[in-house]
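Got a structure here, written out as structure tokens. Questions coming.
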């Protein structure tokens, strides 16, 4: 159950409907997932979120599949069930193999583990890692 | 400051020194970073952590650079300063460009934002995302 | 499903029942929500938690509605589904409008995003922000 | 130390410099804080983040001071030291009194505590909280 | 619903089945819980995770029940519903009394609260806590 | 640097000074650590927090050392540097051995890892774990 009702196409504003249209055109599907139907209560936030997501997740210096996996990694650390489901589905749609999924999970599990060990040990940062040091300014 | 002293080569056990030797050989550097020097108080955990990290981060179905970026994504969501520094340095050493770093940050920021929106909205998971559904079992 | 059974009025101790009575009187409703029914297994923690909550959420220098929204913000970052639902319901009961809810969500999403960017960038704190500096001691 | 060098006005691109100019004009100060100097490595993310922040934090259905306190609440739950410092300074600049700060902290501490109790108890959500139920759709 | 199908004994690889056999022998039950059935898609991660868990949770300088409670504490802070359920069940199986459960919850709630207060206050670490200081090196 | 100045004994209110006196008497030391000096700006929260902490951390069904380790576990998952330092120092003062510290860290690291794996896999909770089921109500 959501904290707001999920809005149907008939219930959203014209501004929100235009965003839905762009989501449909960009993704090549008529399906609008629940996140956007919940967010449609606030058309300005809906429009800004979709516009930025579309730009950020587009092909660039990183492959879109890599971006989906990064999304899964962040969502897992934050425990966002919906986000993990939606981006795992998106990663599969972009070609993620079972082997890649397995390595993604292993990397996440490893990072979680050493994050915990480092945090409990309060390890001081090695000077060698400092990108802000004068010698590292190109 | 750490919650345990960082151990020098002269202070660690033989078992820990053997792990240090493998870290040096695998990475091709004499530098042992502070995490391992703190973890060396418990040689069994040091050995198990290094062995698993070495296996998980090796080339496979995912590129080692992608794995470093996944590590940064998890570490950022967890706010682990040491981990962010060490894996950003590692990603650079493995060829991460400034443009890739920028897209990594943008993807992390976007994921954090929609994680928050989804969480506050408590969006129910679309049935279409369910990998455990019978029709999705290959 | 909970990790402990939810206790009915007939099952709780006299000490817990007295807390339930104060919750009912303070809130003007007979309904005791599930959190208190789960917490009633430990009457001392139930009593201490309710007493402190009642004091903290009362009108003061901040409006009770603002306090409910702060509660939603923390609960969202922590991903506490129950807390998000209960405090969103409470905020609505205290007059939160749809527009206010929308701005609350937008602020949370923005904070999550810049938290992630700042964390990944490991931005050093500006000296100008330091409240502990001598010149800031009034 | 940051994972990227902080850029001076002389080092940033023209696009980033235009964002800096708008930050200065909007805030009525020449000071550009470190976050923007770190983000300036990626002018597109800098511009998008500032544009959205400016819109989200502007006066609306919620007071700008309330929005700063919401930002502090999220940043605290995420443990983002920089964000806590910068938004506490911003809240003070917008008039947050010591009494309001105290109540903000008390509300955050209370929310953290009950988030933990609810999480450990895995309390099921009361049906009464369901905004998505048909009877709650206005 | 999971992001991967849960595998039956008939569906897993020989390597995974051997891990299942060791779980059954170690725990003295035929029941394999869902975590392992999901993880079985990646036999290497399944085997490594089980081997390490078995070693870490075994009796040692800390009692196995204490270790289960530590697991609950971490899982609660991370909001991992499955983990909280499974380790609360495991703690009960190892003898956790209702009074111990109550004190566990109270300690978790207290830690969450002061974590939040400390984070919002950004309290500097007392020099007296520094284990890395020369005088603390035994 | 803190978001508020740390208050000296000469600067705090009479109510806060009385709390300081009880901290000193209870702990058998004149040292008041920075957390309480920051919290003293709000005497009511200082008094309530100390009173509850004193009760929660006292001997009971769980050993005080176990409670300190639970505190470290929660603080580590939350990444609260101050809390990790202060409670590690407290645990040592209560007799935590190096071997116990090592096992504490290993348990935390393991929990973090499986929390991540479970979260990414979105494992459904086994019916066998349900304490709220009628057959589990004693």
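A, B, C, D, E and F are the chain letters, set down in written order, and residue numbers restart from 1 in every chain.
Quick note on the criterion: a contact is a pair of C-beta atoms (placed from the backbone, for glycine too) under 8 Å apart; a residue touches a chain by one contact, two chains touch by 3 or more.
Chains and their UniProt names: A, B, C, D, E, F = Alkylhydroperoxidase AhpD family core domain-containing protein.
Not measured: the values here are computed from a predicted model.
The chains that touch chain D as well as chain E are A, B, C, F. Relative to chain D, the chain whose mean Cα position lies farthest away is E.
Centroid distances from chain B, each centroid being the mean of CA atoms, peak for C. One inter-chain figure worth recording: chain A and chain D are separated by 19 Å, centre to centre, where each centre is the mean of the chain's CA atoms. Rounded to whole angstrom units, the spacing between the C-alpha centres of chain C and chain E is 27. Shown for chain D are the residues in touch with two or more other chains, namely 1-4, 6, 44-45, 49, 52, 74, 76-81, 84-85, 88, 102, 104-106, 108-117, 119-122, 124-125, 129-132.
Judged by the touch criterion defined above, the protein chains are all mutually in contact, each touching every other. Every residue of chain C that touches chain A in the complex is listed here, in rising order: 79, 84-85, 88, 98, 101-102, 105-106, 109, 116, 124. Interface of chain B with chain F (complex): residues 1, 3-4, 41-42, 44-45, 49, 74, 78-80, 132. For chain F in complex with chain C, the touching residues are 1-6, 44, 48, 52, 55, 125, 129-133, 136-137.
Residue ranges on chain F touching chain E, taken from their complex, read 1-4, 6, 31, 33-35, 38-39, 45, 49, 52-53, 56-57, 60-62, 66-67, 69-71, 73-78, 80-83, 85-86, 88-89, 92, 97, 99-100, 102-104, 106-115, 117-126, 128-131.
Residue ranges on chain B touching chain C, taken from their complex, read 72, 76-77, 79, 81, 84-85, 104-105, 108-117, 119-122.
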